[in-house]
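Structures follow.
Next come two complexes, and both contain chain A; in the first it sits with chain B, in the second with chain C.
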Partner chain A sequence: MAIFVILYYSALIGASCLAAYYNKRSAFLLLFSLTLVSFVLGIVGGPSALRTVAIFAGALALAAGTSYAFREFLIQITRPNTARELRTAPLTASFGMFVIFAYTIAGIFAPWIAPHGEAEVIGQAFQPPDQSMILGADQLGRDMFSRIIYGARNSVGLALMATLLAFAMGAFAGLYAAVRGGIFDQILGRIADVIMSIPSLIFALLMLSIFGTGLHVIVIVVAIIYSPRVFRLTRAVAGNIVVMDYIEAAKLRGEGNWYLIRKEILPNATAPLVAEFGLEFCFVFLLIAGLSFLGLGIQPPTADWGSMVRENATLISFGDITPLIPAAAIALLTVAVNFVVDWMLFRSSGLKEQ
Partner chain B sequence: MKKRFTDEDVLLKIRDLKIEGYSDETWVPIIKGVDLTLHRGEVMGLIGESGAGKSTIGAAAMGYARDGTRISDGSIEFDGMELTTASETERRALRGSRIAYVAQSAAASFNPSHKLIDQHAEAPVHYRIKKRMAAQEDAMELYERLRLPNPREIGFRYPHQVSGGQLQRAMTAMAMSCRPDLIIFDEPTTALDVTTQIEVLAAIRDIVDQFNTAAIYITHDLAVVAQMADTIKVLLKGEEVEEAPTREMLENPQEEYTKSLWAVRSFHSPQRRRPADNTQPVISVQHVDASYTGGEKVLDDVSFDIYPGMTVAVVGESGSGKSTTARVITGLLPPSSGQVLCKGEPLPPRYQDRTRDQLRQAQMIYQMADTALNPKVRISEIIGRPAQFYSGLRGPKLKQRVDELLDLIELDPAKFYSRYPPELSGGQKQRIGIARALAAEPEFIICDEVTSALDQLVAEGILKLLDRLQSELGLAYMFITHDLATVRSIADEVVVMQNGKVVEKGPKDEMFTPPHHPYTDLLLSSVPEMDPDWLSTVLEERGVDNLGEAADV
Partner chain C sequence: MGKLSRLILKRLGLGLITILVVSVLIFFAVELLPGDIAESVLGQGATEETVAAMREQLGLGRPAVVRYFEWLGGAVQGDFGVSLVSGERVSAAISDRFVNTLFLASYAAVIAVPISIILGVFTALYRNTIFDRVANVATLSTISSPEFFLGYILILFLAVRTSMFPAISSLSGSMSFADLLQRTFLPMLTLVLVVTAHMMRMTRAAIINLLASPYIEMARLKGTPPWKVIVKHALPNAWAPIINVVALNLAYLITGVVLVEVVFVYPGIGQLLVDAVAKRDFPVVQACCLIFAATFILLNLAADVGAILTNPRLRHPK
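Right, the complex of A and B next:
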């Protein structure tokens, strides 16, 4: 123990001195204030508190290192234009991209990565972690880790499909409303108002109890709930574009609405729409997880993060973190997507750091 | 006007000023070492094309570097105080109280939700120079001196309730509110009509004279600067070309670049006449009335003809209905009565009802090339689309046609074929706009203020190009403009519009020789001339209270 404490302080003080010597002001302030805080922590909590701090800092450094390396990797493999954009990405954004990338891999290659099937009972209920099951077993004795991996495919895939459908409907209607205008615009706008005026979770519960809980029903219901938001945004963005002279020139040329939407408006509206897509994806994902938690989403035995939280919820009273693992998976993805979206919004809004 | 300045009077001294701007992740020099000396009571005109760094120097004189720029070297000394090393608080204390700024667009610079006089009183109250009531009294006095109508009441209006020229004068009054030593005028009259411009110019000149304020007058209009400035400094790409007292500079410019600026206004295309045989006009506007939904009549019985191969210039102030006439011709705004004939055949009033061939015949070139070209579409597609749409060209034939068109507008096809509009300069964008109109193979093109957003040299190039295309392709132009110099150089016939009515029309030579309609006369005599005494002469002729808006027509 004593050796760890000595190493801990010498590393911190050494790093502070180096930072001070090389005039890295912010790094020095951070390191040295951490040293001071550690003195207090060491006295109050003993070596175990310092160990927690060390692990936490190590994890943060690992995440930062991974994001940095991942960004460099992306810069190397992409074309010059994309690479230049990526160079401006902050570490948070590349961390987000890395997490999304990891989830994608997990989702696509789930059957090969997962050691067991998602519905395969291989141990006792709530069996603690061991050699064959690194995260232990759930309430029926299924491997938690395998179910998390399969959950990436089911939960994320479903949310993605629902978001895509919501975007297809909302964006098309929004663009068309902006181009056509008049009574057509009014009607679409009022329909959107009506849908938005119904609380979304109650509307979803209602629809799902009427039409049953098939996957296609979930996708369609969620898409309908979220399309008005997309509609409004798209209409507002396109509304600013249709007043431009180049749209007038195209109209006077005799171009049809479809050409205007596809060739003239859409290329100028993609940036805000892509950012909105990321944001909406998070909401859809959380809504579907919430529905699953209530038992109206994806039905067992299919693995799904939302329902996994509910199924294992009883375990939390025994101080076990197993039910929090799928919840953490949801949280991590949401945060990751938001990191990327923040960066995209920053770019499309044209804000420049001084 | 002759003033002598001595070294003791030096107010602002800029030495070897260098300013850099941040773009594409590196710092690029914008101002490359400019010297400037300004005495108390002196008015210096800064002229040059856009991008010459005029406004940047103007801002630097206040010790201010705009977002994305930094002062990298040199010294700025204002009344013995070094601004480059002064703290932000010290510099801030100068602005508004001792150095004031008048922006190009007063409409965009006033806060629309506060009354003029409240905005006027803000600086004196803030600097504790005057109490609010005293500042308001002072504002009214300044309004009176600037010859604003109703000076005791106009301050209690909101910015949208007064006209553009009045707003610009109110802003000058605001700049005067603390009696500063230096005022920077950044193109204060560029956005105004000639008839309004003249009264703003007269007002500015008077008040600067009365309070013996030094001023830096930034503009790209030589004739304007000739009226205002004691000394003129010519800038090109961040470097000084030359500096001399106004008269000397006008009579005897030294540098080649300055001479070329002076020569710009000399381009003249020979005047064409209407064909003698009974050829049908390409476009004939007949007794057109029009109004926007439910509003007042914007056009009232407008009629004129445009014959093949001729240029008809439509002139008038903003709000006179020039652009509305264009919208009626293109079918964007169906007229409430009257009709538009194309080669003797009536055109359907709405563009949606016109055939492809009818749409092809009338093309438009827009004022703002930035908004007229889709920034996310390649040049090849912008120009190629009309050719593909109307003539059904595809593949290699289409590419050949696009190359041909690019050659026609004097841009290298190999270089520009697959670029995007934001990568081009203003003049190049305008040329692409012309190529897009030509791609439809029209007989008639509406040019809506095509040169007003461009620098004089670039605008000259565009006019020459249009003129060449006209003689090669036999095009007819309807040239909407408020710039009479443009009319002089390119028009064959002139239509003068006022308040939605045609007040006079005829061939150019007749229109430019007296007798005129009084409104035409007002327009013509309001165009600034290069003669430094022009403004004084006009003021004498008309009397100071009978200018612009106040003039009796």
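Right, the complex of A and C next:
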């Protein structure tokens, strides 16, 4: 234990000295404040607290390193234009991109990555971790790790489908309302008001109690609940574009509504819409996770993060953190998407402060 | 004041209409059931007679519009009909639980509102410092986590590993107030974490928006000390967005409370709603949805009215 403490402090102080020598001000401040913090915590909590701090700092450093490397990798493989944009990405954004990339890989190649099938019973209920099951077994003796990997495909896939549908409906209605205007616009606006005046989870519960919990029901209900948000944004963005001179010119040329939407408005509304897609995905993902946690989402035996938390919640009362891993997976993806969206919004809009 | 009261009356009227439309939606959504309530509740195996008896009992023979007005009339007086599963009056099942939910929500609000407004103002004042960045990442992570994740983390660390607070909030009428506060501490804390994150970010955005306006810059340029810029120049205009933020987030509490109640087995109306959805007990579902939706709409209404009332431009007309 003592060796660990000595090594830990000498590594920190050595790194701080190096940073100071090479005039890296922020790196030095960061390292040295970490040294001071661990010093205080080490006195209060002893070596075990120190170890926690070390692990935490290490994880953070690893994440930062991964994001940095991933950003450099992306800059190398993309074309010059995209690469220039990517250079402006903060580390948080590239961390987000890396996480999204990792989830995509896990989702697409789930059957090859997961050691067992998602519904395959291979052990006792709540069997502790061993050679074949890294995270142990769930309440029916299925491999937890495999189910988490498959969850990337099922939970994220479902949320993605619902978001796409919500987006298609909302964006199309918004664009069309902006072009058409008049009574059509008014009616759509009022319908959006009514849907948005009911809390989303409550609305979803009402609809699912009536139509049951089939996958298509969930996708359609969630899409209806979230499409008004997209509608409002698209309507606002498109509303600003519709009054432009080039739209007027296109109208005078005799172009139809569909042409205006596709060729004139959409290309100019892409940036805010892409950012909104990310945000929308987060909302939808959290709502669906909440629903499946309540037992109203994807039905067993299909692996799904929300319901996995619920099913294994008993383990938490024994101090085991395994049931929290799927919940953490949900949180991690949402944070990652938010990081990327933050960067996009910052780049594309007036959120630049002063 | 004529313009002001007219604006407020208009907003109140709009709120009332919204509640009515939503009640129509909640009532007639159930009418969309394939077949009708009796058939779908009793299932495939039911005989013609039982289905007919149930239809008779629920009064399904009469047109839906008539039943809607009966239901709405009852709901206004606090009577939501009879539960399909237990046969008890819905209002009896709801009333206690509604008080519990209100208690939990106000407990959370009392703690979350001051903290988040103060922190929000600080992050706005010291924006782009390390404090602001840390707060940004922390609130973003909280917002991105599902409520049940936060709830179980708190249970793990504060109830299981250290047993400072009970993991399950079982309430009884004979508990002292301090006991009650301690029993409901963890669900409260979960809600506070979620709502504080939202409220802080929104307060920060509102204040930054305000600080960017030209008259604040003018005040700065003429040499007003920073605290005076905030108190005398920014704050009068900041009340409207802050009140708005508070009311919107209280409305957010309404949704958050459902998941939190389920995690902590808290005897509130959210738990009742989830149980009723699983059992397809439509009168209870309708009643809970109406209560949640009405509270949500009322809080949004309060946000708008508060914003109108605190808008200096409307209070001091030219």
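Criterion: the second predicted complex is superposed on the first by the 349 of 354 C-alpha atoms of A that agree within 3 Å, B and C clash if a C-alpha of one lies under 4 Å from a C-alpha of the other, contacts with A are read in each partner's own complex, and residues count from 1 in each chain.
As a working rule, contacts are C-beta pairs under 8 Å (C-beta built on N, C-alpha and C of every residue); 3 or more make two chains touch, one makes a residue touch a chain.
Because the structure is predicted, anything quoted here is derived from the model rather than measured.
Contacts of A:Lys251 after superposition: chain B is touched, whereas chain C is not reached.
Of the two partner chains placed by the overlay, only chain C lies in contact with A:Leu294; chain B stays clear of it. Contacts of A:Ala313 after superposition: chain C is touched, whereas chain B is not reached.
More chain A residues lie in contact with C than with the other chain of the pair chain B and chain C. Using the contact criterion defined above for the overlaid structures, shared-chain residue A:Pro267 touches chain B, although it does not reach chain C.
Contacts of A:Ala15 after superposition on the shared chain: neither chain B nor chain C is touched. Residues 354 of chain A lie in contact with chain B in one complex and with chain C in the other. On the chain C side of its complex with chain A, the touching residues are 18, 21-22, 25-26, 29-30, 32-33, 127-128, 137, 140-141, 143-149, 152-153, 155-156, 160-161, 167, 208, 212, 251, 254-255, 258-259, 262, 273-274, 276-278, 280, 282, 285-286, 288-289, 292-293, 296-297, 300.
Residues of chain A that touch chain C in their complex: 92, 193-194, 197-203, 205-211, 282, 286, 289-290, 293-296, 306, 309-310, 313, 316-319, 321, 323-324, 327-328, 330-331, 334-335, 338-339, 342, 353-354.
Those residues of chain A that touch chain B in the shared complex are 244-246, 248-249, 251-255, 263-264, 267-268, 352, 354. Chain B meets chain A in the complex at residues 67-68, 330-332, 351, 354, 356, 359, 363-364, 366, 368, 371-377, 381, 385-386, 389-390, 436, 440.
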